[in-house]
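What follows is a structure written as structure tokens; I'll ask about it next.
A, B, C and D label the chains in the order they appear, each numbered from 1.
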Amino acid sequence: MVVEMVFLAPFLTGLIAFFLPRTLGRPLLPLTGVFHLMLSVMLWVKRPSPLFPGYFEVTPEGLLSLIVISLLFFLVSIYAMGYLRESTIRSENIFNGSMLLFLSTMTMVTLSDHIMVMWIAIEATTLSSAPLIFTYRSKASLEATWKYVLVCSVGIAMALLGSVLITIAMDIGKVNVPVSFSALTLNARQLDPLWLKAAFVFILVGYGTKMGLCPMHTWLPDAHSEAPSPASALLSGVLLNCAYLGIFKTNKIMVAAGLGDFSGTILMVFGLMSIIAAATFILKQTEYKRMLAYSSIENMGIIAFGTGIGGPGVYGALLCLIHHSLIKSSLFLTSGNILLGYGTRLIESTGSLARRMPKTFVAFFGGFAAISGFPPFGIFIGELFIILGAFKSGHYSAAGIFIFSMCVVFAGFAKQVMIISFDDKSSRDKILEKQDMIWPQYTLLLTSVFLCFWMPDTLYRTIVEAVTSIGGGF
Amino acid sequence: MNLFYMSFLILFSGGILALVGQRNFALMKMLSVVSLATGCLSGLIASAQALWQEKVFQFSFTYLNHFELSYKIDSLSAFFLVVIFLISMIAVIYSYHYMDHSENALATSVHYFFFSLLIISMALVVTADNIITFMLSWEIMSLSSFFLVIFDYGKAENRKAGYLYFIFSHIGAMFIFAAFGVVYGYTSQFGFNGMAGLPDTVKMIVFVLAFIGFGSKAGVFPFHVWLPHAHPAAPSHISAVMSGVMIKTGIYGILRVYSLLDYHVSVLGMIVLVAGVISGILGVVYALGQHDLKRLLAYSSVENVGIILIGIGIGMIGVATGNPLMAILGFSGGLLHVLNHSIFKSLLFMGAGMVLHKTGTRAIDRLGGLLKRMRITGATFLIGSLAISGLPPFNGFVGEFFIYLGAFNGTLFGNTAFVAGVLAVVSLAVIGGLALACFTKVMGVVFQGEPRSRAAADKDETGNTMLFAMMILASFCIIIGVLPGIFIQMTLKGLSSVSMGYGRIPLEPFIQMTENITLAAVVFLMVLLVLLAMRTLAYRGKPVGRKGTWGCGFTQPTPKMQYTGSSYSASIVEFFRPVAPFQEHHPPVEGRFPEKTIYHSRIDDIAERHMTTIIVRPVMWMFDRLRWIQHGDIHLYIGYIFLAIVVLLFFV
Amino acid sequence: MMIESILFYVGAIIVAPFFSAVILKVKAFFGGKKGPPLLINYYTLIKLLKKGSVYSTSTTTIFKLGPIVSLCAVLTVLMFLPIAGVKPVFSFKGDIIFVLYLLGLGRFFTIAAAMDTASPFEGMGAAREANFPIICEASFMMILVLFYKMTGNFNLSSWFSDTQPMTLWQSAGSPLIFVVISLFIILLTENARVPVDDPATHLELTMIHEVMVLDHSGPDFAMIEFGAFMKLFFYATLIARLICPFNTGHLAVDVSVFAGAILMVYVAAGITESVMARYRMDRVSKFVMTSFALAFFATILTLEFIG
Amino acid sequence: MIYSVDTILSLVLLSILFSLGSSRLTVLFKVIAFQGVVVSIVPLIIGGREFGWGDITFTLATMTVRGIVIPFCIYFAIKKATIETKFRPIVGYNASMMGGLIFIVMAAVVGGKLHLPAVSEGKLLFPAAVTLLVAGMFLLMARRNAIAMVLGYIMMENGIYLVGTTFSVQARHIVEFGILLDILAGVMIMAVILQNIKQAFDDMDTARLRTLKE
């Protein structure tokens, strides 16, 4: 068992998938998914040491992301089987291959420890997901891909510069260790603070672009809404986590270097801005997939905010991170059902979902309640801790803005969801719902419910490990 | 103890059964009604025991490996548990015949599921003993009740109601989050215990935040806007539970926070009192102006929450000014009114449900004369109306009587207590008068006179469980009204866990007061009996005829000529015009042979009206100003990245 | 003592119709007429009791219940009333609130009975009956606050029995005049007298109380009338004790002084009716507000004194 | 040695100004290729490091990719006719050039104040790197032609590369190579997108790519 195997395996199958016809390529997705899930679980249980230490490392936050990615990909791949059957995609081999490469690169992000390797992996996620967004080959999807690739590449280039600045900080501080997050965290005090701060700024803006923090979020609604739903689910569900991982690890160095206040404040500001931006566009949204995309921006804002305030907030942020992945991907998959059923992305052309697609409705509304922070879904606990943490750290006005903008987001979101679910439009006919395009969502939601009440001890300890590593906790 | 677990288990299984058994409608309904009712009954017994013995139960579970879900049933919780389980049980019984649309089996079973969740979560809210537990139960309560509100989502107004309710409950919850956040910020523990040790200004902030949060659930003006929309939208027994019980969890929250903070200054009491006065008076004025039976009842809930808050406010000021008698009278009056209101309000909603069920309309001015065929409904509704108007010898009077005594007691003392007392007394009097007007209107227009439309004509009452439920509640109204002793003891026991610094409350003086009420009520009933006997004597052998109503010389009366609800309330509403803008719409009657004309009137809720202009529009405007950032131009998108870096580099 | 109280109670019930006739007599005097005999009300009651009744087809049991409950309410109320300074039959802390709400109960049933007939005129009367007393109650409560503040007791007997009214005057002084006026306004309003209502008008549209009982007949109507006499007596007693607060301790003297005082009240009501016209309906609210303002004013003024 | 580095770098600065001031895309292509070659060589010739075969191979590879493969990859993706279409830029050419000049001066001043570990060996290194970066960014923001934007991105990457390889001593070839591969792949994907844009819209104006908005 080698750590690197986890991302090499999907990489290989991905390469193969490019050359396979659709009949063979399609089952490859869930197969790889299962295999990957098995590997991830083994990784979790055994925690082996990597073949290239210094480049790769198994960290608690990485494990958390990895297991989420794995689970999600597996469920999404099952959904994708149904989705590909229902919708017409011209070159499916590219879709399949890109999905697998995407999985591989995301896995690599979670396992990488070297700053540059991390950057390479994150940039690779951009590249491997670009074809996914362009799947439908429409003008709109072309535009979305163009913006996605260009904005993200520019943003991530900033992160590269930031990474370089870290090495400069090392040089000035005369630190001679591998350029890996773990080594740097240990020696953070010796790094030059000025250059470290500059590096953090660049890395935050860079990976923040990828994560969807306002004002660098601009590509996100376009990309997430134009991609086919299984891809959107992955983009929103886990890709954002990967970018967050980069910020998280850098923040770890900052905290270790005693610059936690600086980085925390910046994270909080960006978090709040993201929530406000999301609120702005959710309020009068006309397309439901864009609405979900903005909701992702909101949640990334929440997570950034939580990470920024520290203390219980970090714990809350990590909970939000996990649950947001589960729930948002479920929502995007559900939006795929709606898209297939109604054939439109416009909110006002939908309606009566509760009557016409009851099963989809349950998944959709459950997802909505979950993402809005209602129990028994996990985001509730996450948001609770973030709010408590914000008050604990004395950021009263920030907490006020946070709560206010969350309320606005909720008002907007609820309005659209009410329209989609209940509005009485002309037709009341049932729309056929396929079983295999329902239960992946249910599984995701139920996982979130489950994790809201009981967590395996190892999961809890891993989260706490990650939380304490950036100075969070109770 | 085990009984509590058992009742939760039965309740939950009832909900699950409903979901599972939706294919067989009759069986599903039977099973879930029986199990929900049994669950409520066992919970009722358990909580009544807990209240009576004044024992404190505590239990907790590990939650998410590190935290605790802890529950504590002290006497205050037990008091509210009694109310919750009692009313829920009766509402469940009522629902058996009310939910009789078998073609709607799926919706019905889902409704039972969420109903069971609602009961459970309400019970958990009043027993929760730390922040996480409380918020968890609170949010589940909001969510499950939301689903009950949009039960009939086919109607646009119900969807609007559900939306409003959703938003308000979320925002309210956020205020409570904030209150607890402040607490946590100072105590760094999730338990409630440290709250008494907060600095004074912080206590003030916490209380105000919590008051807004809980007030929005309780329906305190001006946070009540959702209430008149949501309560009518739900099925009637759910309206009964929501109006009767669920909004009381807000009251519970206020009391609990007050008790935990252990902060006795008259300012807090004044806040509560003034909020109560405003909700009370405006609630009933708006109720008076409604044309929709269930909306009217919903506004009347706002009024009664106002009365409860007046009681609590008097109690708080009593404590703050060192005036134990005033305090206990106020608190116990308020608590008793919690019980009373839950009884008569659910009774009235059930009556309204029967009317709606049979006639298919909630419009007051389309009804009339129902009493002739719906005898039990009418009689119980009459009792409910008398009780809600606070008239003796019914239960509504008892609670108000205690609040009056407390308020009058307050007038004996220094400035704050005096002002509070006078304010409470006068406003209670006004509220009483208005409530009387309001419910004579309902009785008179809906149940008496002649049917105003075909919908109301010749409608019988059917559904034994519905009638049974109403009769039970009506008898409670009389029992509490005549024999309030035991119930006052309940409230006093409930109060014993509210920290006022008095130690044990002596029961005797208060029992004495209830005995007076009993005496007076018995005297009244005796006189009534004598008079009835005399009346029978007076009519013995006398000719008794029946004829049409004398039309003062007009020979062709029609039911349309009757005084309508709108005309009945017009002059009173007119008096309150500044706070209840009254709008009329009727095309002028023109020409020698005028066309048919219409008349339409409504009164606006100023909170609702100004909510749009003061909050919603500015917020929308503000956010609209931000919309340009997503303009689609990639050059500027890249510019944002650049800008972000440049700005941040200034702070390095 | 108890026997004495009950005797006075019964006595009050018996003489109440007589006093009401005084008003008619006064009005007749002002109109330059001879007027009905002073025992006219007894004749009317007996006449009504002898008759049968006709019920509207629209009515239900509530219609029959109305007169009984309202009469019963007033009968019960009188038990708490100290008549001529004698202790009442019952008395407890806060009895006055019970009394006021009992009167409210009576009003509820009067209104309900009126609404039962489906007559537009009775509905109109009912609406007015529901409207005007709202402020009356508030101002009554204001007066109670004053009394309570002065005496520290909270029942009718502690304010109106024995020499207590004297104590009220001593501690309150001249502001109590405001209270008397305020109470008089309440009396006029609650009992449907001019200028709030004109029981003798010939147009149903302008009536309040009388129009509500249009459809009652026979013994039912007798009960209503009887109840109205006693309600008037109740309020008149309160005012009489205030304007004539003396108590000698000799029962006969006290009773005659009380009788004189209460006669003054009735005459005053009669004079008011004779010299004033009925207000327009929308002015009535303002008139009633005056009583509240007076009571409020009195309370504030007095509090300045007792401080 | 120092002398030659600064000479080359001044050429680079000149080329930046040139690229900002030119309306012709072919000029831009040449400039990019030139810069690619320069930034690949500079690390080799500064610092007086001992360099072995590995370094030389790597430098050659970088040079090939940055100087030849990347520009040509885009060049061949688009037909020549399209390349020469001109659009009015968002910021004018002369203004751009003036801005570039001012920026170079500013960068030189700031660079002088910062005490970077490796900067003592080439006075123009910092200004050149930063200017490359900012000029690339500027092209991204100020040119409406999609191709010019991609070229701007490449210029920016060149700047970052220059910073990375010259100011830090921590370079590892395998990592550098990974980065290079990423950029190459990125540019190739952009080339594909450019191709698609041309097919779909028949020109390269980014104004056509503004439909997705709120």
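Methods note: a contact is a pair of C-beta atoms (placed from the backbone, for glycine too) under 8 Å apart; a residue touches a chain by one contact, two chains touch by 3 or more.
This one's a predicted model, so the numbers in the text were calculated from it and none came from an experiment.
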item	value
Other chains in touch with both subunit B and subunit D	A
Selected pair, greater C-beta contact count between B-C and A-B	B-C
Whole-Å gap between the CA centroids of subunit A and subunit B	43
Distance between the centres, which are taken as Cα means, of subunit D and subunit C, whole angstrom	100
Separation of subunit B from subunit C, taking each centre as the mean of its C-alpha atoms, in whole Å	36
Where subunit A and subunit D are represented by their mean Cα positions, the distance between them in whole Å	31
Residues of subunit A engaged with two or more neighbouring chains	146-147, 150, 154, 221, 281, 284
Multi-partner residues of subunit D (each touching 2 or more other chains)	137, 140, 149, 209-212, 214
Residues of subunit C touching at least two other chains	none
All pairs of touching chains, each written as two labels joined by a dash	A-B, A-D, B-C, B-D
Contacting residues of subunit C [partner subunit B, same complex]	49, 51-60, 62, 64, 68-69, 71-73, 75-76, 79, 90, 92-95, 97-98, 101-102, 104-105, 107-108, 111-112, 114-124, 126-128, 130-131, 133-138, 140-142, 144-145, 148-149, 152, 154, 204, 214-215, 218-220, 222-223, 281-282, 285, 299, 303
Contact footprint of subunit B on subunit D as seen in their complex	90, 137, 140-142, 144, 149, 206, 209-214
Subunit D to subunit A touching residues, read off their complex	116-118, 133, 137, 140, 146, 149-150, 153, 156-157, 160, 163-164, 167-170, 172, 175-176, 178-179, 181-183, 185-186, 189-190, 193, 196-197, 200-201, 209-212, 214
Sites on subunit B touched by subunit C in the complex	368-369, 371-372, 378, 382, 385-386, 389-392, 397, 400-401, 404-405, 408, 411-412, 418, 421-422, 425-426, 428-430, 432-434, 436-437, 439-441, 443-445, 448-450, 513, 516-517, 519-520, 523-524, 527-528, 531-532, 535, 538-539, 542-552, 557, 559, 561-563, 567-572, 574-575
Residues of subunit A that touch subunit D when the two form their complex	114, 116-117, 119-120, 123-124, 126-127, 130-131, 134, 137, 139-140, 142-147, 149-150, 153-154, 157, 160-161, 164, 167-168, 170-172, 179, 221-222, 226, 281, 284
